[in-house]
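Alright, structures below, take your time with them.
The following pair of complexes shares a single chain, chain A, combined with chain B in the former and chain C in the latter.
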Partner chain A sequence: MSELVRLQIDGQEVAVPKGVTIIEAAARIQIDIPHLCHLNGLVPSSACRLCLVELEGTKDLVVSCARGVREGMVVWTRTERVLAARRFVLELIWSAHPGDCTTCEKSGRCELQKYTYEVGIERNRFPLRRDEQPIDTTNPLIERNPSLCILCGRCVRICRMRNGNNVFDFVSRGITTRVTTAFEKPLQESGCTFCGSCVSVCPVGSLVERQRRFRGREWELKTTETVCPYCGGGCKLLLDTTKDQIVRARTEKKDDYLCVRGKFGWDYALSKERLKTPLIKKEGTLEECSWDEALSSIAKRLAKIKETRGPEALGGLVSANYPSETLYLFGKFVRAGLGTNNLDSSVRLLSWPTLSGFIQAFGRMDVVATLSEIEAADTLLVLDSEVAVKNPMVGVKVRKALKTPKKGAEGANLITIDSRKTTVAGLSHLHLQPRPGTATVLLDGMIKVILSEGLYDQEFVAANCSNFQEFSARFLEMELDVEAITGVAEEAVLAAGRLYAGQGQKAVIIFSPETSDRHMVARIINLLLLTGRVNGGVFPSLLHSNLWGAAEVGVVSEFYPGYRPVEAATARKELENLWGVSLPSEPGLSAIEMIQAAAESIFGMYILGENPVASFPDKASMVRGLAALDFLVVQDIFLTETAQLADVVLPGVSFAESSGTFTNAEGRVQELNRVLPSQTKPDWEIIAEISTRMGYPLSYHSEREIAAELKTLVSEFSGPRNSAFRLVLTEAEEISAEPDREYPYRLMIGATLFGFGDGSWTRRSEISRLETPYIGMSPQDVQSLGVVAGTRVLVSSRRGRITTTIKVDESLPAGLVFMPAHHPEGNSLTSASLDPVTKSPRFELAAASIDRLQESEPESQCAGDRSLLNLNQTSGIAKWN
Partner chain B sequence: MKPVGEVCAVVNTLEFLAKVKFCARCWSCMVGSAQVSGLLRKLTRGEGVPEDFQLLGLLSFGMKETARCKGGKEAAGVLADLLSSEEYVAHVENRRCPQRSCSGLTTYRVVAERCAMCGLCKQVCPEGAVLGEEYLPYLADNVPYTISAEKCTKCGLCLPVCAENAIELV
Partner chain C sequence: MVGMAVQETGSVCRCADKISDSAGSGPGGQVVDEVSGIVREVMTKYRHHKGMLVHALQDVQRVLGYLPEDALRIVAEELDFPFAQVYGVASFYTQFYFSPRGKNILQVCVGTACHIRGAPAILGRFEQELGIKAEETTADFEFTLGAVSCVGCCGLAPVVVANERVVKKKDHHKIITRLRKQAEDSAVG
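And then the complex of A and B:
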């Protein structure tokens, strides 16, 4: 590849690597050869015939997007002959393309328009052959206007290449050729994931975002670069805005990827349901009030609890979807302002075992692979993770890795371990399907293979792992019948172990932190240590945008900013000096513990952006806990289920109105920039003002000042890296939620593409219209239960009941049912039992039963919920009296 | 007379366009061939105008230069041959189809001298375009057979049934 080829284009010498096409070579010397079907990264289709150039020594014109460069080529791109051919093609296109530039959204950015103008076609000589076809508006996100299609095939190719979805293809021939879906079905029935890649690459206005129709012309838009607020992938997002509205999200390059949430999911920020003014509870109902009234009431009542019951009766809870600066300030306010270590965040539920495990084992987090390392890996081990749904960008990289030629192989090897046969599993070379909840045992089996066959990196282990001998001895004498427990054949485990441990190969483990308990994490760490892959050997597919940043800036009860342990006196001294106040020494309660301890040891809580009623397990106990508090402040952008229980609700700002930094799953720190003027006050300002009113002044003028202070505490990767590692031995516990006769199914809760977190964002976005709440069941279970897709059913677990709709999901094995994590009321079914060490809820597959709903039964939530809401109201009145 | 199996160059080109194996994925063939056949059909209908020559020339040149597949380039060649032939000129300028295969440029008529007045043509004509009566001896006001140009669709069904070759194309 490094070999250079010299050629001449329009009289200019250019040297390019071998394998480059003429059009790319020309682009390097700023010669733009017109093209419509060509797009970097796509297989050339040479369909548009616009990029024809003259090549000396060749009779015919050659297609510059498909012809590779050769030494000594002489290319002419603007001769009479070339221009005549170009003009001919453009006129032909115009004879079949309606001139709807007046209302076409692409106008101004349209490639056909651009080249027509450049070539100077004023009038089209050919008879018109326009064929008006109906506009497809059957889905809420992508509008297809087949009349405008110029059949370049970019959408066909990008869908095939990137998603393997093949949603579009050409049908018919000649002038009747069209690009459409199979059997002309709507997109949502054609396997479309609505990533919008086809919209991004469309050179004309045939595919456009429906959200932007008639809301701003291309030349009126202002572009701001920011970060996607959804998952931990942290994709760069360019938001095009008019004065006060976001019009479209896009990427820097046309062929870059965004998933449905990034491309279309920003519209929640413009929702009419956004809170604009503070609300205060008066006689049991929330009423609008002034900022001053809200803030002084908060300051007064928090101070009162602090005075009468002590600072440890207060607690702070924050969502990891905020920029690090806001999170840091919230942490500082709770620890220094309120004076309690009862501070926690959604990190506890979504990634704490992983983050704490890694920090303990490695000292730093930079063992984590980058996205490009995934692409370059020789072997990928995907654990219990529908990555293509959780971090769609990672899914794209995995797919790319499979197609990137590696030494001695056409592409990467992919091993998947999942009880479901997910889309990624469908691509894998080796798919191990253990019984639900037994993946840790399977990993033990793989470790045993690696140990007994001596596949581990002996040099690395000898030099770095102090307890290898002990570990190896204990492991080898352990009785382990993997096949009996997991149901995976021994040969498959053997093959997986050998494939993963392959010497001299780069392997990356991709796993789900939210479903991995500390035992699972321990096994992942052991695999990394045994194979010596402590640099870029693992990728946690983090569910929320700033989970890592939140842990780093210390909004978890165990750690101060920069992973300084709360118990360590030196760290406390350091922060006491910086913050100018004495800090409590005892560690605080974790997220769920706080709510469980409500009215016993916790009496007042400040919740920033988190929605425990909808996203924490065991809804009933969360509602009970929060309702029992003396005082609850919720700061959020919507009146969430939790905010409805609050005494004061403060309106925060969305990602589009905030600035700061996010740390994504790779550990990359990215700038979040303000895109729109804020509708209320920035979150950090609200926190600072309350703190100041409570007598601990936090006077900052901008996020930058906070960032500067934060920088002194947190370097990009905090803490020194461990020089010696210890292999971790933990005994996995029995799963307590075994199905029985009463609750025969295992219920798995997970992410889907069209929902996110507690659903409070996505429910207010157009993307949620693509998915109705459901419970997924395997075809066998559906049959044995005697239901069909769409049947209303009652799902019960030992903790609650909800009604929902059946969906047949072929990826599930019999006995396992799946429910989206953002399913309304879905968390009524789950359990909040905590891991004794990490204090995270144990990822359990709840046992559930599913019954067909009788016609007469009311289709509403469980009775238990109602009584709880009543309880809340009565308690509110009691407080008032 | 319409010799069986022989058609004029215009119809020939149209037939070539119909059977040539285009890949039909590039604009040249996808729209270009449709444009060519549109213009040629106009010609066969007798609606050809001199300006079309320019367009067809442009299409022939453009398709040859830009077509992706061999089929497209071949079609361009056939079109170029047509444009340079005398037949094309006859079609546009003389409004005549030398082979009488372009329906718009031909009319059917009965040659009275040869007509035996058997009436077979009237029987087969699906459009009822043949007027006249069967010959009856000793009848003085016999109506001879004629073909109404308005009704005739130039299907040619009457040609083979006439034993006297009394129907001719002009």
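And then the complex of A and C:
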């Protein structure tokens, strides 16, 4: 504990640690000193002068937000002199604040309004001295009204200090000073990531959410706490609502962080395109129908396939964006109701090598680090550094770690392994840039350094890793020319190995499961074991909200809930007893296998919230497969590309109308609460009703009942962790297609901030207006191709081709091109080759070519290519040649 | 190389018209590359010296005649400052300009003494003759007209300053023609 300082405020004694300011000390004894520029967590700027107090022994009033406490200080916060000064400061602020509280969105939350009322200022003493300035409405999310700005600088500081982004600063001087961007450019041209932190901290109405304008007064809003539906970060979201509308998303504390998806991306739930009634295909066209017609048709058609072709001709596919309760019920319906193990989810594509690898190695998943452990780490090893895009909260924590003093260091050490020069890479102490697709070999290089220099945790290894000697001997025998393969200098690998292995240091590996195959995961596990960091040594940046939960409740073909293997007879018995039916013993097909087996062994599918046509690799074969099914049910909130192929479409509910639980990337189980009344039926009710109609009654009254049943299965299983571990030696395969003369570029498909998953949510959100579909190219490639930003190009791979627009991306090395995963046609270019062990599609960099579209070559011709794959409701399927 | 040539002629700007011509060529265009080369050269002695921001800005403006956006981006990068902050600092001082300035800077004092002795009429005449308002620059980048408050020689009121030299009262009506002629002569010579 640091040394305590005693002082007196308004006659009360208080003891606080050294380094605390007067305003913070006062807050501890519930004395609120009015303030506008001060905000916990930001360095003081003493800009507003509202927090002046009297300090005995000092002639002038002092600024309490910037003055540190001293032993024996005597402070008075409400003397005549202080009150007069406070009043005067407020009057001066009002002389430059042409505020009209009647239509200002901040009214009711405005801090200036609050203090003005408290002090009791009825009329401006001074004339208004600032000209009205135009309101900035050049972007869809943040409205800036510079006239209302009181120059407190909170936005400048939160953007710079917490987010490291520096969009704003004070410009000009004197009475014309204003807070704006460099050259007064629109936010989207100033490096803004639209996290909305500036809006959250603005004490007045100068920065407001555009979505919030004229949709309800502050005092009419009802607040519900729930979880963000987007990534695996699982940020807590407070949604403010009027009777049937979400008005705003915010955090508990003003300075808490949300990213653009959390802060502004909820609006898809209110989209006019939401499905409200079931649709049924009649003569090739989807038409609205009654619930009864839809449900009975589904029950009948599924039952018929089951009867004629056997239950193994059916399959179920679900997205991991649903609450665990819904996922569990879907799994139960498919396994027990339909009677097949052909059950899978987006877990397969986005995290299966990681989750299955960890379960196998450690016995449990909860070995992963928490977000606060990232912040407290001494060393961070970041693989694939777009974590700040995938889990933006991880980016914030990494930044914070760099600034949090550690023993013997000012902040954490950051090692980044990434071919791209991303923002996180720019902050690194050591940035290794391997050739695209060779990071696995680089990790081998680090393992070699750790083994050959004896940097491993000898005690831990001796006690827990029985095969260490054998592993070490075989590993060191291997011929490994890291530099030749990866292009990273030997010294850099040496430095990285030594820095990471540092004895007695807390180190966390942060990586992206959707780009890590089982070979990469094996190396991560080896690093954890060799350094004895099996607890809190790794953080998988899970891309979607409930991937962890989905795997745990058993919506992957090879595991029942609680990671009970389907092949294990004891597990099957246990489930048969609980579910009251006999279960199939043969293993099921995985997600992509099911669609590939369409019309051969799979004839009917039930897809809940997943959109393979847009989000699975090799679009052409996905369309072909799904269209060849005898019967397809899709349950979703929008008429997605996949739903357009369905025989029956059921309207589901969005996160805002759901309750249940999500398990985030830290393994934290969080409650999702219903914020709005359901627009249709809750998803679990629909599933239960179909199952009941098919003769396997699922009768629950609420999600809570499902949760209770699920709890017995999941928590019971959570037995002790493995205490004996095995180091794994696998031989990484080079699977990415080598670029050649015909296809000279390597194409990487990945996440961006303004899109998500298949894009079916974000495309219907205002946030998508900040990013049009593009392909990113390095400045060198742009130059050698003779194109500029905005040039329309044709991108081709061995699988297909699409047209898109060039964007210059300085983070890319020459030869690597990047396309957002939610690009509407991006998956036309990828291939669905599966890893034989994990059955996940391999993350590969496709070889691609890029050609400028000639002026003479009208775009419609290429659109014609696209329309081949465009889903035509009448024909049901597009042909691919 | 261009940088050197410009430096020799002192504060007269040679790049202004080039830069304004380049508006359509976008990033990566040849002209912007030229500016970037000039700025990088100026910045070599300031690299990572955060305390030298204002000096660096002055040097860049001396060479380019004003502070274009691309130049400020390079200054920010070289000194490791946020771009917004560099702009914020530059905008604080009236000595820095963000748009191209004319070859001739014509300033009319509108301080108290000059005002009484007819400055508004002089300014009005100049505005009419040049076809621009005060604080603007002619389309051919020959003239920038400024209205300033007191240049410190009220005894000579009304005061007109052309390229940092006070213009005699009897020459006020001839100054624009004379400067134009000088430009033509130097172009011919």
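Definition applied: the second predicted complex is superposed on the first by the 849 of 881 C-alpha atoms of A that agree within 3 Å, B and C clash if a C-alpha of one lies under 4 Å from a C-alpha of the other, contacts with A are read in each partner's own complex, and residues count from 1 in each chain.
Note that in this section a contact is a pair of C-beta atoms (placed from the backbone, for glycine too) under 8 Å apart; a residue touches a chain by one contact, two chains touch by 3 or more.
Values in this document were obtained by computation on a predicted structure and should not be read as measured data.
Judged by the touch definition given at the top, the superposed model places A:A96 against chain B, while chain C stays out of reach. Judged by the touch definition given at the top, the superposed model places A:L238 against neither chain B nor chain C.
In the superposition on chain A, A:F168 contacts chain C only, with no contact to chain B.
Contacts of A:R160 after superposition on the shared chain: chain C is touched, whereas chain B is not. Using the contact criterion defined above for the overlaid structures, shared-chain residue A:F126 touches chain B, although it does not reach chain C. In the superposed model, B is the one of chain B and chain C that contacts more residues of chain A.
In the superposition on chain A, A:V788 makes contact with chain C only, while chain B stays out of contact range. When the two complexes are overlaid on their common chain A, residue A:L578 makes contact with neither chain B nor chain C. Residue overlap on chain A between its contacts with chain B in one complex and with chain C in the other: 170, 173. Residues 26-28, 69, 72, 82-88, 91-92, 98 of chain C are the ones that touch chain A when the two sit in their complex. On the chain A side of its complex with chain C, the touching residues are 160, 166-173, 181-183, 190-191, 779, 782-783, 788-789, 808. Interface of chain A with chain B (complex): residues 45-49, 52, 60-61, 63, 81, 84-85, 88-89, 92-93, 95-96, 125-127, 129, 150-151, 153, 170, 173-175, 177. Those residues of chain B that touch chain A in the shared complex are 22, 24-35, 38-39, 54-55, 58, 61-62, 65-68.
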